[in-house]
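Below are two complexes that have chain A in common, paired first with chain B and then with chain C.
== the complex of A and B ==
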């Protein structure tokens, strides 16, 4: 398939932080009993990373695991491999009560980076973005202003934002507005 | 006259003059001034007029409690009414106008109200507006409209921007006086995350004004050193110009930062609303001095004794040349001594107490100041400003003993702790007899989810008025808060302070205590809303015993200052009138915000394009570029129609229907909900959720299903798809996607938690396009791919998946139009490309996109119901002839029992029928079918109503659906329907299926 379109290809703005759209990424939802060795090992096997603790995400390269809920984990994978990985996981878990779905197209992704990245997010989410508590590796489902979203601390100055695809423009506008030059809070 | 002193003013930068204007007059102040201090420095004491009587009013306070000095600030896109001059920092070019006067501040016609004051008593509105009825429209409403509100409402779009900021802290300290600084210092020593906020631009609160030695040095030295120490702590943040606005459950606090009010500029947020989640809160919010109630206490020139000190020390402004001080406590003598030391004249201190022998009164006498004990002010003399006072005995009825000429009256009725933030979330108050005020009851603090206090109070806000007590208490409060937040403070020693002893206050609620009605009707309690002692007494006489009722009846404390100066005095008067103790009467409820905050700050970023999220399908931009006329559906916009050239929307809709029926149309159906339900118990779960049987649906098949609430009413419908042995895909309505997913999870998590079922809302994963019309198959086949689309391989109500052209597709052979129809789901990222491919492949077949209105007409021609048209929350499937979709085999499902209730099985429930106008016109939407006679309210009886109505281009006439009494049994009967502004319209009852009743066209 050659004509793939992420929601807002190439969108980027610069202010107190850099905001850019990240393009497509493979995402697979697994719902099930995360304590089951088969569920655990399937997820870690596909992604090549340790199973993350509550509120955390682990990654290596383009692959990773994000803790979503006590019964839900999300597998990150290259977009082109998502369909195959989904089929593989579903096959391995075919006799285990679980739900496996390819949701690679359901979301939009943004990166907010720079020294004030945390402040940009704190203008929009009630989640605690303090550097002592939202450290690199932290992954949290929350909201940005009026829409659901997840935030992932990739490194100390880089935050990834996941939102639903239909809200891509709204989220992009929100982040650009919150990152307007001169609006740093100077808090963190 | 008020004036600037040649020296002094610790906030001022006298080398930086600032130009501003008041009522068009150009004036000059200095950097560091407030608007109030700058006006006083320019001799402008008259700053506004009161709300009801239009009485002349001057500055009475120096901070957030100011009731009088409210102005219209700015112009055009930056006009804001009711801005307090005492908290408005002066900036270059500031433009202010006074409020509530006509034609001018100095000469005001509305002041005539004052002469009518005996006709405008407490409860005036309630008494007068009852009768006669006609007066409401012609007399009362115009009067209220004329006098309602103080400032002018802006009518231009706000030029500024606003934002929110969310943080979580261990300890939030509100108030940057010495108490707040010490509490923050100790809490900070524990390593806890501490935020200290102060509403003004300066640290230190009142300590700087009422010079205190702290740790043996000037207070200024200690304040500076402490601020420095706090700034050096990595775990502590300090912000000035941030007001604690409200305290809520779970330690949630709203704070209001004013970034640009003192320095307006484009592009930067003017206000920032801090949304703080605090584990522990320390309120160090200080205290407010109370006025005294004597006749004429509202004249310009009467102000609080502490405010007079503030203006002298902070702004180098004297309120006038000759001051009379009136008090019931020792603290006011500080004003006398300060004036004296600055070389200003103090005519007398009128002390209501029988004797005054504390260190401060003694010092005053030693300085040669006249002190009159046991005395009161009988009345203030003057019309537009203070010209003198008449003195009487406090214990008498007001017989004048002496008159003193003066131009300032500085009053002090004692201090009331600012308990607002303590009280917002349930902190209780206790009446302190010795200090004559309500203060927080530390034993009854606001309690968090863990059963422990989450608010601590300290300093003057706790009722402590001496610096040494304040510092010790703040030291402990900071430590307690840090400990409660799970940290260990490093306990040093609290700083010590030296303050003189003060003799006890003597409560004085009225001056003189035996004042007659004439004097009482000149004693102001609420300056802004014009409520006087006589009004509260009248309310009490009329039986208003509850303080909350009295407040509303008299409007005491209901103005923009929320009664910061008036509440305690008012309820003291009420308690006296009722013969009850003050604590028995109690206070009114303290509600956030502490002082008004801007609407912009509340909205934050939510304005313009960010006002509300707009959800877009993958094809949204194409629709926009191709002239879509939009219809809002939930947060989505869906194309209603795609007008071409000079076409009207109506013409476009008719064309789209015809083209789809005769050739082929495309519909963006991506917004429909798509919920995956999977698990060993998924079939059983869905059987409980839908009214019809779902578990028996064979693999590869689709079925239309209905969902009802447990009360029996239809809540959603859609096509259910059997994906695999243990998984189903449930389509919902556009608006139902999130709601139905939540509905499923609620039942799974709360009632049927033992079922092995998982759900996932996959709505956003797919772009879904309906290819509809006689050439639908041809268009899809033209794209190629590996799916057999012929009628035998993929019959009606079947589905399959594979590739159409280059696209990964799931194809559902379902039809909401009655035509041959395929709904094709592709991954959302392929949606736009697929849409374009269909347009290209369909070109030779005359393909056109169609919108929601064409969809509606086609479904109505087929008699298909629409959730939200045929249903309104009171309709059950049986009303709509959908008995076939209600399982009789299933033991139970949501709504089964509800639908067996008497009312639900009543044969008189209105039933769905088709309606065909006799003259071919279109029935009005929502029209009622008329029945004979009238009901007990004199309204015409009805026997049905229209639920959907359209002009059908297919049939060339108006068609409608409606619910009609015994409708299905009355085929062929002609009913009359209401037609507002015209004669009733006749329509015949027919089958709701107008088009292809055998269903041949969709099944080819």
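== the complex of A and C ==
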């Protein structure tokens, strides 16, 4: 059995905000008609949270649901349980037009925290990170410099950043550079 | 900088989050059509000074295609709307008429 490792284990940088790699997390993509009761109830059943509104994410502990697109929802699970949960969801939805994929190993995950967390992200993404627009609970797919990413406002000073694992080093360097000491803009 | 409201995920997406898809509401002429029709379908595009309809894809976002109506001279955006239509919806049409009285619509009814 190979040792499972996140792309940049233990990477942490401190500056105008704290940036750290969050390690492995289970992520399951479900594509399908989200209005179908079976799709909806399967996603909420596995995650144990309410179905999120458009552009939102809900979570309890390590489980949660992230709204990705009008026909796509992402289930968050503990990493070790992702494979089993994927099989369960695929089985329940076997007769429903849908796609279920365990994408845990395709992703990397970072946390940016601190009073200037919004500012660090604002330097890298065209998304509006203003506190009035991007409130806690908001989840948005966007880009960081040249790569696609998703940003999730966990609370007012904590942002989780999802990106593709193949771009982990790039995203890590971007965030570290944007959080360099002495680079606060003080916009928000 | 162009900012378009994505009608699918509801965010105001910056131009750099979007991929352009060219002119909207083209009618396909495939097998069985005349050479002239096929050529027009493949190559001939509107290049208006003023009101224009375009396809855009929210590439770094929800990934959906949508339509946008904008002015090519001022970059004013009249509105964005669903991709599942073959012509601009009534409300977009009326909004343009309100702001550009006398514009020549291909879909005047």
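Some notes on this structure:
Note that in this section the second predicted complex is superposed on the first by the 186 of 188 C-alpha atoms of A that agree within 3 Å, B and C clash if a C-alpha of one lies under 4 Å from a C-alpha of the other, contacts with A are read in each partner's own complex, and residues count from 1 in each chain.
Simple rule for what comes next: contacts are C-beta pairs under 8 Å (C-beta built on N, C-alpha and C of every residue); 3 or more make two chains touch, one makes a residue touch a chain.
Please read all numbers here as calculations on a predicted model, not as lab measurements.
In the superposition on chain A, A:69 contacts chain C only, with no contact to chain B. Ranking chain B and chain C by residues of chain A touched puts B first.
In the superposed pair of complexes, A:88 makes contact with neither chain B nor chain C. Of the two partner chains, chain B and chain C are each touched by A:127.
On chain A, the patch touched by chain B and the patch touched by chain C overlap at residues 126-128. The touching residues of chain B, when paired with chain A in their complex, are 163-168, 193, 237, 267-269, 272, 275, 277, 604-606, 609-610, 612-618, 636, 676, 678-680, 727, 756, 758-760, 762-766, 806-808, 827-833.
Chain contact summary for the complex, chain A toward chain B: residues 1-7, 24, 29, 31-32, 71, 83, 97-99, 101-107, 119, 122-130, 132-133, 145-147, 164-170, 173-174, 177-178, 180-183, 185, 187.
Those residues of chain A lying in contact with chain C across their complex are 54-55, 68-70, 72, 126-128, 140-143, 148.
Touching chain A in their complex are the following residues of chain C: 8-14, 16-17, 60-64.
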